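Both complexes shown next keep subunit A, but they swap its partner, so subunit B is in the first and subunit C is in the second.
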Partner chain A sequence: MSVQIIRPGLLATIQDLGRYGFQQYGVVVGGAMDSLSLRLANVLVGNEEGEAAIEVTMMGTSLQFNEDTLISITGGDLNPVIDGNPVPLWRPIFVQKNTVLSFTGCKVGCRAYVAVAGGFSIPNVMNSKSTYIRGEIGGFKGRALQEGDLIPLGEENSFSRKIKKVLQSKLEQRSFASVDWYVPFERYVNKSVVRVLKGTEFEKFSESAQKQFFEQEFQITPQSDRMGYRLSGASLGLKQPFELLSEAVANGTIQVPSDGNPIVLLADRQTTGGYPRIGQIAAADLPVIAQMKPGDCVRFQEISLYEAEQLYMEREKEIKQIRTALLLKKWSFE
Partner chain B sequence: MIQTIKNNLEEIQMKALGESAITVQFGAEISPSINKKVKALASKLQHESFSGFIECTPAFASVTVFYDPFIVKQAYGEKAKTSFQIVHAILERMLEVLVEEEESKPRIVEIPVCYGNDFGPDLDFVAAHNNLSVDEVIHLHASAEYPVYMIGFAPGFPYLGGLSEKIHAPRRPSPRTSIPAGSVGIAGSQTGVYPISTPGGWQLIGRTPMALFRPDRDQPSVLSAGDIVKFIPITKEEYDQYQERWQ
Partner chain C sequence: MIKMSDFQEMVNIIDRSSVNIFTFEYEGMKIKLEKQPILQDKVQKEEVGVSVSDPLLSNEQTDKAAKDEAVSKEEVITSPMVGTFYTRANEGEERLVQVGDTVQKGQVVCIVEAMKLFNEVQADVDGEIVELLVGDGEVVEYGQPLFKLKKRS
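And then the complex of A and B:
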C-alpha cells in the first residue's frame, strides 16, 4: 500500500508531532505547524495521535491512493476534491484504489493534514518522522515531497479496518465515501486573534511598545515560513538597547530584533535565540497562527500564565473526549 | 574529585516560557562557574526527570525545562496548584544541591576559516564598530581558544565563549533570511558557526569549508560542549581545496 505524489504543489511534507529530546544538540523540533489538526486527523482514522501525516501547504498538491485506503483531512480548508467533487473535512473517509485527491485552493487557513490509517512506513530519524528541510533529515528522504514519490503505508489496526469496511459499503457510484458527522474543530483554525503571554523580556520594551504590541494589528509578511513569521506593523523599541546571551526559545516565542519588527517562531524554529522576547503565544492558539498566511493580519490578546494553562488543559480534555467517543463508537459509521 | 554545588535559590531566577516551559537562569554572563551549574542541572534532569518532563535545553547561563502541563497535573494533581507551580517546586528541590560534572581533558578542534569578502560581509562592520582594522579583527578572532559552551540554534551550531572584548558586536537589526552553511559569526560576546543554511541574525565575518553537521553519522554534531575550538585563517584558494577534498 502506498500514496503516490502526482503533484507536490506549493509545499507538501511529512510531519508528526516533532523531534523531541535533541534540542541540546541544536536539533530543531519541527513537526506539524498545526499539531492539533494533525492529532485529530490521526484520531479519525484510528492511528496514534502522533503518527506522521502529510502537511499540505496552500494549494496545488495532488495525491493518489494506490489501494483502498481510510484517510482523513483536517486543518485548513484547501478545497480538497476527488473527481471534481468536494471532499468533507474533519471525518474519516474511505477512498477507492487509484483515487486522486487534489487540493485546489485556500478557502480557510493554509495548511491541511492528510492522515492515512496505519500511518506512513518510513524510518524514524531521532525518534521522529517529521521532515526538517533545512537540515535535510527525516520525512521522505529528508526533503519536501516531489512528483512521483511513492510513500509506503503502515499496517492498519483492527479499529481502522472496521471503519473502512463500513464506509466501503456506502460507496455507491463514487470513488469515496464518508459519514455525515464531523469533529467540530474547524473553529480553531479560522481566527485572527491570538492569545499571548508576556515574554521573558517584555518589561525591557518601551512603554509605547508594550502598549502597541497588544493594541495594534500586525501583518504577516511574505518572508515567512515554517521556521517563523516576520510581522510588520508598529515598530517595537526597547527602553535601552542591550545584547542578550542566547537561550532557549519555544514554539510561539515572539522575538523582536532591533529593527523593531516582531518575528513569531514556529515549528522549524531554532532551539535557542538571543533577540529580546516580547511575547509567548499560548499553546492552545498555536494552531490559529499556524493557519494564518502572508498578508493576513493578527492581533495579540494578553492572557495570564494561569489562563494559558487552563486553555491547555481544556484542549487536552477535549481531544481525549473525542478519542474516547470514537473508540466507544458513539458516532455511527452506518 | 566530585564537587557538590550548593545554590542560593535567591540568586537563581525561574521564569515561565509559556505554559509549557520554565527557564532557570543562573546568571547573565559567559563564565565557567555559571556554566558548571547549567551542566549539573541538565545532567540531573536526564537522570531523575519527573512525570511530564519532555526535555531540557542548556544554554550559556540557563537551562530551559520543557514539560507537558497536562501530564504534570495528572501525575502530581494537587487541586490548588498549577503545573507551573508544581514544576517550579520540583526544580527548586533539585537546585538545592547539584553535583558538578566530572570534566575530561578537552578535545581541541581546529576549524579553518576564510575571513572577509563575500564570506564575511559584516567583517567591515565589526571592525568599524570596534575602531579596529579588518586585519586586527581577524587576528583577534583567530588567536584565541574558544570553549564550546553549548550546541544550539541549529543542528551542530557551537556557541563559543572566550571572544575578545575588543571584537564584540551587536546582532543585526534584522536577521538575514538565509545564511550559507559554514558562516562564522559574532553576536554580542558570543561567536559561533552556522553548520547549515538557515536564517540568522549574527554578524558574519568568515566561512569554513568544514561540515559541522553530518546527519548520516551516529553523532551528527561534530562538536560537543566541552571541546576547545581554534580558528585557523585560510585563503580563498585553500578554502576551495578543502571543499574539494571534503566533498
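And then the complex of A and C:
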C-alpha cells in the first residue's frame, strides 16, 4: 500500500512530533507546526498520536491512494476535494483505491495534516520521521515531497480495519465515505489572539515597547516559514543596548533583533539564539500561530505561567477524552 | 482597551434589558451579543398547556388522538444520544438551521456533543423547522425531542 504524490503543491512534507533528544548537538527539533492537529489526525485513524503524517501547506497538493485506505484530514481547511466533492475535516474517511485527494485553496488556516491508518513506512532518523529540509534529513529522502513520490504505508491495526470496514459499506456511488461525527477543533484554527508569557528579557525592553507588545497588532510578513515568522508592526526597542550570550530557545519563543521587528521561532527553529526574548507563546496556543499565514495579523495577550500550565493540562485532558470516546466508537462498531 | 469586567457588566445590562441584538465596536474590536427568542417561546408554550405537549400526563385516548393528528402534520427530531446540544457546527459559525428553514432528509440540523466528539443529527424527513425545543448548550437525553418539523406534503 502506498500514497503517490500527483502534485506537491506549495510545500508538502512528512512530519511527526519532532526530533527530540539531540538539541544539545545542535540538531533541530522540527516536526509538525500544528502538533495538535497532527495528533488528532492520527487518533482519528487509530494510529499512535506521534505517527508521521503529511503536512500540506496552503494549496496545490494532490495525493493518490493506491489501495483502499482509511485517512483523516485535520488542521486548516485547505478545501480538500475528491472528484470535485468537498471532503469533511476532523473525522475518519474511507477512500477507495485510486482516489485522488486535492487541496484546492486556503479557506481557513494555513496547514492541513493528512494521516493514513498504519502511518508511513519510512525510516526513523534520530528517532523521528520528521523532514528537516535545510538539513536534508528525515521524512521522505530528507526533502519536501515531489511529483511521482511513492510513499509506502505501514500496517493498519484492528481499530483502523474496523472503521474501514464500516465505512466501506457506506460508500454507495462515491469514492469516499465518512462518519456523522467529528472532533470539535476547528475553533483553534481561525483565531488571531495568541496567549503569551513574558520572556526572559521582557523587563529590558523600553516601557513603550512592553506596552505596544501586548496592545498592538503585528502582521506576519512573507519572510516567514517553518523556522519562524517575522512580524512587522510597532518597532520594539530596548531601554539600553546590551550584549547577550546565546541561550537555548523553544518553540514559540519571541525574540527581537536590533531592528525591533519580532521573530516568532517555530518548529524548524535553531537550537540557540542570542536576541533578547520579549515573550514565549503558551504551548496551548502554538497551533493557533502555526495556522496563521503571511498577511494575517496577530495580537498577543499576556497570561501567567500558572494560566499557561492550566491551559496545557486542559488541552491534554480534552485529547485524552477524545481518545476514550473513539475507543467507545470502536466498540459500537462491533 | 476594554477590560473583562467591563464586558461582563455590559453582558449583564443587555441580559436584563429588552434588547435582543446588540453590536459594539471599539478600536477595531467588534462584539455582537444575541439573545435567543426561541427560549421565550418555549416558556410560553409550557405555561399554556402541559397536558397537550406531554403525552405521559394525559389519558391514553386523547393522547392517541392528539398524537395521530400531530404526526400527520408534525414530525419531531430526537436526540440519538445523551450529550450537549449545539445549534452550530463550530463556535462562531452561523446556526445550522433556524426556525422557518426548510430542511431536506439527511441534512444536518444540530450537533450533540458527547465526550468531545461532535455528533451530527440529521433530519429524517423533508420539512420545515417550526420549533426549536432545546437551548444551545443544554444537556439532552437519549430520545429527547430537539426540533418540531412540519412535514412537506
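General observations
Here is the rule we use: the second predicted complex is superposed on the first by the 329 of 334 C-alpha atoms of A that agree within 3 Å, B and C clash if a C-alpha of one lies under 4 Å from a C-alpha of the other, contacts with A are read in each partner's own complex, and residues count from 1 in each chain.
Assume contacts are C-beta pairs under 8 Å (C-beta built on N, C-alpha and C of every residue); 3 or more make two chains touch, one makes a residue touch a chain.
Being a predicted model, the structure only gives us computed values, none of them experimental.
By the touch criterion defined above, A:N157 reaches neither subunit B nor subunit C. When the two complexes are overlaid on their common chain A, residue A:D180 makes contact with subunit C while staying clear of subunit B.
In the superposed pair of complexes, A:T221 makes contact with neither subunit B nor subunit C. Touch criterion not met for A:T104: it reaches neither subunit B nor subunit C.
Legend: residue contacts after superposition of the two complexes on their common chain; A:G135 is shown touching subunit B, with no touch to subunit C.
With both complexes superposed, B is the one of subunit B and subunit C in contact with more subunit A residues. After overlaying the two complexes on the shared chain, residue contacts for A:T272 are found with subunit B alone; subunit C is out of touch.
Of the two partner chains placed by superposition, only subunit C is touched by A:A325; subunit B is not.
Looking at the shared chain after the overlay, A:N66 reaches neither subunit B nor subunit C. Comparing the two complexes, no residue of subunit A contacts subunit B in one case and subunit C in the other. Taken in their complex, subunit A has these residues touching subunit B: 20-28, 125, 134-137, 142, 197, 200, 223, 227-228, 241, 243-250, 252-253, 257-259, 261, 263, 270-275, 280-283, 305-306, 308-309, 311-313, 316. Those residues of subunit C that touch subunit A in the complex are listed here as 1, 28, 90-92, 108, 113-120, 122.
Residues 15-21, 23, 25, 28-30, 42, 54-62, 64, 66, 69-70, 73, 82-84, 150-157, 159, 168, 170-175, 177, 187-190, 195-201, 213, 215, 220-221, 224 of subunit B are the ones that touch subunit A when the two sit in their complex. Against subunit C, the residues of subunit A that register as touching in their complex are 180-184, 186-187, 190, 215, 217, 318, 321-322, 324-326, 328-329.
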